[in-house]
Amino acid sequence: MAEFFLSQTGFIVLFVIFALGAIASMIARRSDSDANMLGNGFAIIGSLWGALFGGFALISANQTMNFAFTIPFSPLPALTFSVDKLSAFFILLISSVAFLASIYALDYVKHFYKKYSIGALGFFYNLFIASMLLVVTSSNAIMFLTAWELMSLTSYFLVVYDRAESKNTQAGLQYFAMMQIGTIFVAAVFVILYSFTGSTNFSEIRAAAANIPTLWQGIIFAAALLGFGMKSGIVPLHIWLPDAHPAAPSHVSALMSGVMIKTGIYMLMRVLLDFFQAPPVWWGVVILAVGAISALLGVLYALTEHNIKRLLAYHSIENIGIILLGLGSALVFSSLHMPALATVAIIASLFHTLNHAIFKSLLFLGAGSVISQTHTANIEEYGGLARTMPYTAFFFLIGSMAISALPPFNGFFSEWLTFQSLFAGILNNTNGMMLQWAFLIAGGALALTGGLALACFVKAFGVTFLARPRSTHAQHAHESGIFMQIGMGALALSALLLGVFSGAVTGVLQSVGATFFPISSAVAPALSANTSAISLQNGFAFVSGINLFLLMLIAILSTVIASAYVVYRKQRIIEGTTWDCGTPATPRMELTATGFSRTIITIFKAVLRPRLHISTTYKYGESYMPLSRSAEFSVTDIFRSYCYEPVSSFALGASAQIKKIQSGNINAYFLYTFIALIGILCITTL
Amino acid sequence: MTSTFAIIAQLLLVPALSPLFIGIIRKIKARMQNRHGASIFQPYRDLNKLFHKDEIISSDATFIFRIAPYMVFAVTLVVAISIPIITTFIPHFGTSDLLAVMYMLAFGTFFLALGGIDVGGPFGGFGASREMTISALAEGGLIFSLFAVSCMAGTTDLLSIPHALLAYGSTATLATVLAFFGFCVALLAENMRFPFDNPSTHLELTMVHEAMIIEYSGKRLALMEWASANKLFIFIALGANMFFPYGIAASADLSAVIISLGILLAKALLFCIAIAVIESTTAKLRLFRLPDLLFLSFIASSLAIIFTI
Amino acid sequence: MNTLLIIIGAPIVAAIVATLSKKITAIEYTSVSAIILSTGATLFLAPSVAKYGIVVFSSIFAVDALSMIGMLITSVIGLAAMIYSVGYLRDEVKKEIIGHSRVRQYFVLINLFIAAMLLACASSNPVIMWLAIEATTLSTTFLISFYNKATATEAAWKYLLINSLGLLLGFFGTLLYLTATATAPETFSTWQTLVANSAFLNPDVARIAFVFILIGYGTKVGLAPMHTWLPDAHSKAPVPISALLSGVLLNIALIAVLRFRAITDATAGGDFTQNLLIALGLFSIVIAACIILIQKNYKRMLAYSSIENMGILALGFGFGGVATIAALLHMIYHSLAKSTLFLSSGNIFLTYSSTKIAKIRGVLTSLPVTGVVFFTCILAIAGLPPFGIFFTKLYILFAGAGAHPYIVATALVAFAIVFIGFLRHATGMLFGEPTEDIIPNIERDRLLIAAPIILMTLLATLSVYLPETLATLLMNASKLI
Amino acid sequence: MTLSLTYFLISLFFFTTISMHAVRKNAILVVLYAVQSLAVVLLLMYGAWLDQSIILSIVALFALLVKTTLIPRFFGMLISKNLITFSSSTYLKLPITALIVAGLAVLPSTHVFAPLLAIAPQHAHEIAFSLGAFFISCFMLVNRRDGMSQMIGLLSLENSIVAFAFFAGLEQSAMLQIGIIFDVLVWVFIATLLASLAYKQFGTLDTDTMRHLTE
């Protein structure tokens, strides 16, 4: 069974399924429901196949499997692929999320019927999943770049799928443009590697990477951080993310936010840890700093949002920050030659990658479910949906708890591991105060981030699902279809199970970490995991998912039982109205999302720079008897206004200057030719 | 066998004693205000009465409102058996990690805030908003202050910290003092005491915790009140045993446990007096001044860590 | 000889028929069948060229791999452009923008134009090639001023004069190369004899000569700063002519430069030509990239993209090694993609009657097929997989990285700017709702859809698979440069 | 004698090229071109006489016909039909123009072009003259705003290349030469046609008015 999946045939079948899905849904494009069934059906089969492939590869005894295909007389790059434990982990990650998102999509895409081509959606959707799988399996630079660009391309089309709104096409433009700028750096990474190692093949690069001069290693690091960071959405390269993710259909947002941005993390691990075995310490410190800033700013901007998908998108930035904190620690430990601790840190990073994929997809799917019913993404217009959409509410609640790192859900355990790796960095004083301070600040940022994330999800869940509906759409919402519920439910269950069995999961992830840091028998592993608990550094820290779950469950059940049956059980429960101080409570009296987060925004106003714009209209001309008064409280991303806008206006201005070359004057044109001729002649004979 | 006994003892001790400390604080405050004050057992009577009353639940509320009190109360019980209160000799379930405890408490806060929002009244909403703001900002100081003692002890397992600290000796007094200061600020913030919140007010402009539970009644209100009492006791026990671990029972020996309980009660009484004094002598701070205090707590704790390592 | 006669003769015959005949339909059929015949003969010739390396027809006509690639590009794109011309002109006549005499004139000139380009490829003598390229200038002048508007005349005037200056410089350079074979003036010098006799060429003369060639033919190629005629001419000519200018003519001029480069390298060493090609290539890329970013006219945008791609080719041929084959492939891909773009932009022009980007909205709605083709080729030419331009660009950059890291870095940035520019304009044109005052149902004319789709399919196919003959031709051609 | 004849002809050629810069009247410009062409044709005839080649003399006669008769006639028709007596102004004032022309005249004697002069060392001076004429003609294109002058500038450029080829010994076979002359004829035909079209649309041949395409 496992051998069959892991054979060359098994590998090629994986991509053939997606290709068939793409073609089939294109062929069936005249019938929306056929295209939907075919497109998503093949995606489901393909990602199931991928999940099995990834799973088997992860537990297989083979460290690395290589696949190579040749097409004669083709301009295509060498089709060489390699699946090691890291790739296997990401294949599993991508496929499982894609599997559930595709099931969800069976119902979700119905609301696009007759509006846009479902065939095109299926086409790009299948190719998108396939390209992500290609990204994590490619084993030479050109093939990788091809897959990387295909991923950007297909996701771009999914972002602009809802093309009637110019907001979406603009978001797509910005997304694709920034991805292309990122590609400059990604290509630069491999071009530099190629020019020093003479190879585009990953294994050969790995073998020769240590000989690259230090300066160029630093340049590669910077380029990798910029290029892959652009895809991951690290601050300050993040501004595409909150625009692009909301524009895509929700199951695609789930994939983009949950999985696609992780390919950047994958490549950072691949380049920084895999290619360079002994990175300089400052790499790790830079990654820690970037992680801390991304985590904090991500969550702060999330608090300012009242578009649910933008809010979730900003949380992706935050979580990428947390993942980078783990990765940064791993880099630091690796350069300090502490493979045991580095393994813990990389496990933290990988585990959080996995967890974020699960709960972020869950949240996006939940958001999609809500949007498909209310036709708006503005959470100010929601309210009370827990009554009309109880399942969605329940699943979203689990997602919120998982992303807020509340035990016993999965988010807690990876955040715990991340904290522990930062703690280990603080405690380890072999490399001086500066490094300890770096870890300390990162730890502080993580603690603050955790608290703010909790606040943000109280807002997101509370304003969306609780209390009274604030709009008629919200009032008349219905629970979404069965496939959507299955998709969300399975993800919610995974969020719980990954937490409860976090010990077992980290055990598996340890084998992934071992590919980076082969721990000799002389060094004791820093992490011992079994099915019931994760234990660090000989009892420095110890946490058990299953016990947390069981104890909390028992405590809750016994509280319920005790208070319901033991204490006294004759009380009545009366339904009444909320205390309204005498005026009937209306939706206008409820807490708004803006109101909820205004306190925090005001506290962080130095960073967020909120603007309050109050406009008043008067009854009789000026300043007497105000008729109506409206206040607009808004926060714009400071990176947009202080970083991107100046750069883009500079670029446009410079281009306008260059355009003056085309003056229209033919004599000037003759002069150019003449000067070029004489100039080149003189220069070349000097 | 002894450890099972220890667990049950702790499990019962927390809910059993927690209302008492609320009563004590109220009594001291009353005395300082030249009032006679209710009996220190008054909170027990309140709880009992609430458990027997009918409930009114808002028609706007969803299932969250109904389950929140159970969640909030239950996590305090789990925390109760995860931290050293009178003895460290209870089984390590793997729930006693510093971060696990902190996030379990956050779990309670999460449901408390959601319950506040759920009724759709203006009070619950802004209460939740303020609560989440304060607890988000307090989290750094709280985690770091406890991590400072973890650094000294060489473990983040709360059950192992007291003994390790005793073995460590008292070389890091400055660090302990700083960390303890950080912890106290966080304690006041997390439990909504002065100068963060006035637990006895129902004035719209200032209340935080009371605003969130304002719609609760009957049994659910009793659970909410009880849970917050538990939380206060848990914090006091943490403060007593993590920073001044003297006297905690090293074994499940009955006499040691009783001595330990006595010492704990004494230390807790000191905390209660301190809280009551603070509440009687300081004014509640403006909401936007609170972050300064919380950041101070964070900085103090960070300094404590730096001094330790 | 017969094959070559068919290849070049067929369009000339069609031109003569167009001069004499009065029936537009007859002219259309003759022209299309002539180009089909010519394409067929070219395809027929290709395997033997691939097999023998060079097929010599007479003392002045010989087809080697490089010529063959040029001829293949010419005939295939000529075919598509001719098919499209028929539909396009019918539409223009229907709208009473042009009369019948102009249609005849058009077919005469386009056939001569194609014949001249084929001749330029097939001639093995530098002077004859020069004459043929001069003939392309002369035949297209009135095609550029075809619409008889002031701006069209202006474009044609600039085209004629600037290219004539360039070609005279190129002629001067050509003469200097002939010093290698000056001992025997009565025989015709061929490329082959010139390379063989390069030892007789003074390296210093060769260097000066190459500068004249590069500036001279470079004008025709459209390398900055001699590119100034190109956007004007491309934007004013009827789209099939723009497609031919951009997709074919520029390449043929570039092939001329490469021929002389091979001779120069044989005597003066490779560094000299390499540095010049890289410098001019990079300059073209950067200039074009910046102007594309803020372009307001889509046909001019495509024209600047041609300048950029000619820069990439110069860069690739400059880097040498693997980059040479990549650049040859890039030449093919660019021709296909750019012609498709021009032809599909013709449909946009017919529908919206404007070349201003700001006036075009909702092409995907108003012209679904054209919109998809246009967008696909925009992405292809901007360098996105799975289209070949992506790979060739990468191969060129990788090949140059070791020796010229900063040039590669600059080029990477420029590519991103081009991409952003393209995407920005395409977003504006393709999405949204179309304006009211458009002419609907352009796509009902099969001819207007078929030509771009054929070219795009060819592009997509060649991106993943090369026929063995073509692969051999590419290998052989790369050895000639 | 031989030396002085070729030297005389190339000097004549060179000075007509320079004087084109000073002339404002189009008719005189055309005459100057005819004189310049005549000098080139005489050179060619002299070459044919030296080689005793009949076919080269035919080429020279053909050149004589095209360059001194047909082309001036085309221009004459253009001038008379459109009444363009005077060419429009130049960009640079006459003294500066003269300065630059002087600079371009000595340019071929610098070391940059030394290899070209060395092609035929016995004709180094003549080659230098023809190269100088080459650059001066180029400069005419740059400096003069008038379409007419630009056409004549290009033709004068072509003449200087022929002169250069003659002195450098790079003459092509007769067939090719006839081809080139024919090409020049067609070129002039098309250019004058286009020029009258432009005159119709713009009302002038001043290229400064042709500045619509600036994007």
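We just call them A, B, C and D in the order they show up, numbering each chain from 1.
Heads up, the rule we're going with is that a residue touches a chain if its C-beta (ideal position, glycine included) is under 8 Å from a C-beta of that chain, and two chains touch if they have at least 3 such contacts.
What you see is a predicted model, and the numbers here were worked out from it, not measured in a lab.
S.K.: As a test of whether you follow the contact definition, which chain pair has the most C-beta contact pairs?
M.R.: Top of the contact-pair ranking: A-B.
S.K.: So the centre of each chain is just the mean of its C-alpha atoms; given that, what is the distance between chain B and chain C in Å?
M.R.: 78
S.K.: Using mean CA coordinates as chain centres, what's the chain C-chain D distance in Å?
M.R.: Here chain C and chain D have centroids separated by 31 Å.
S.K.: Suppose each chain is reduced to the average of its Cα coordinates; what separation in Å results between chain B and chain D?
M.R.: 100
S.K.: So how far apart, in whole Å, are chain A and chain B when each is placed at the average of its C-alpha atoms?
M.R.: Chain centres of chain A and chain B, defined by C-alpha means, are spaced 35 Å apart.
S.K.: Send over the residues of chain D in touch with two or more other chains.
M.R.: Residue numbers touching two or more other chains: 112-113, 138, 141, 150, 207, 210, 212-213, 215.
S.K.: Going by the touch rule set out above, which residues of chain A reach two or more other chains?
M.R.: Residues 659, 662, 666, 670, 677, 681, 685 of chain A touch two or more partner chains.
S.K.: If I count partner chains per residue in chain C, which residues reach a count of at least 2?
M.R.: 157-158, 161, 165, 204, 207-208, 231, 291
S.K.: Which chains are in touch, pair by pair?
M.R.: Applying the touch criterion to every chain pair yields A-B, A-C, A-D, C-D.
S.K.: Residue numbers of chain C touching chain D in their complex, please.
M.R.: Interface residues on the chain C side: 125, 127-128, 131, 134-135, 138, 141-142, 145, 148-151, 153-158, 160-161, 164-165, 168, 171-172, 175-176, 178-179, 182, 185-186, 188, 202, 204-205, 207-208, 231-232, 235-236, 291, 295-297, 300.
S.K.: Residues of chain B touching chain A in their complex?
M.R.: Counting only chain B, the residues touching chain A are 51-65, 70-71, 73-75, 77-78, 81, 92-100, 103-104, 106-107, 109-110, 113-114, 117-126, 128-130, 132-133, 135-140, 143-144, 147, 150-151, 154-157, 160, 214-215, 218-219, 223, 287-288, 291, 298, 302, 305-306, 309.
S.K.: Going by the contact rule at the top, pick out the chain A residues touching chain D in the complex.
M.R.: Within the complex, chain A contacts chain D at residues 659, 662-667, 670-671, 674, 677-678, 681-682, 685.
S.K.: In their shared complex, at which residues does chain A touch chain C?
M.R.: Against chain C, chain A makes touches at 71-77, 141-142, 145-146, 149-150, 152-153, 160, 163, 166, 169-170, 172-173, 176-177, 180-181, 183-184, 187-188, 190-192, 194-195, 200, 651-652, 654-656, 658-659, 661-662, 666, 668-670, 672-673, 675-677, 680-681, 684-685.
S.K.: Once bound in the complex, which stretches of chain C touch chain A?
M.R.: Going through chain C, the ones touching chain A are 157-158, 161-162, 165-166, 169, 204, 207-208, 211-212, 214-215, 219, 224-226, 228-229, 231, 272, 276, 287, 290-291, 293-294, 329, 364, 379, 384-386, 388, 390-392, 394-395, 397-398, 401-402, 405, 408-409, 412-413, 415-417, 419-420, 423-424, 427, 431-432, 462-468, 470-471.
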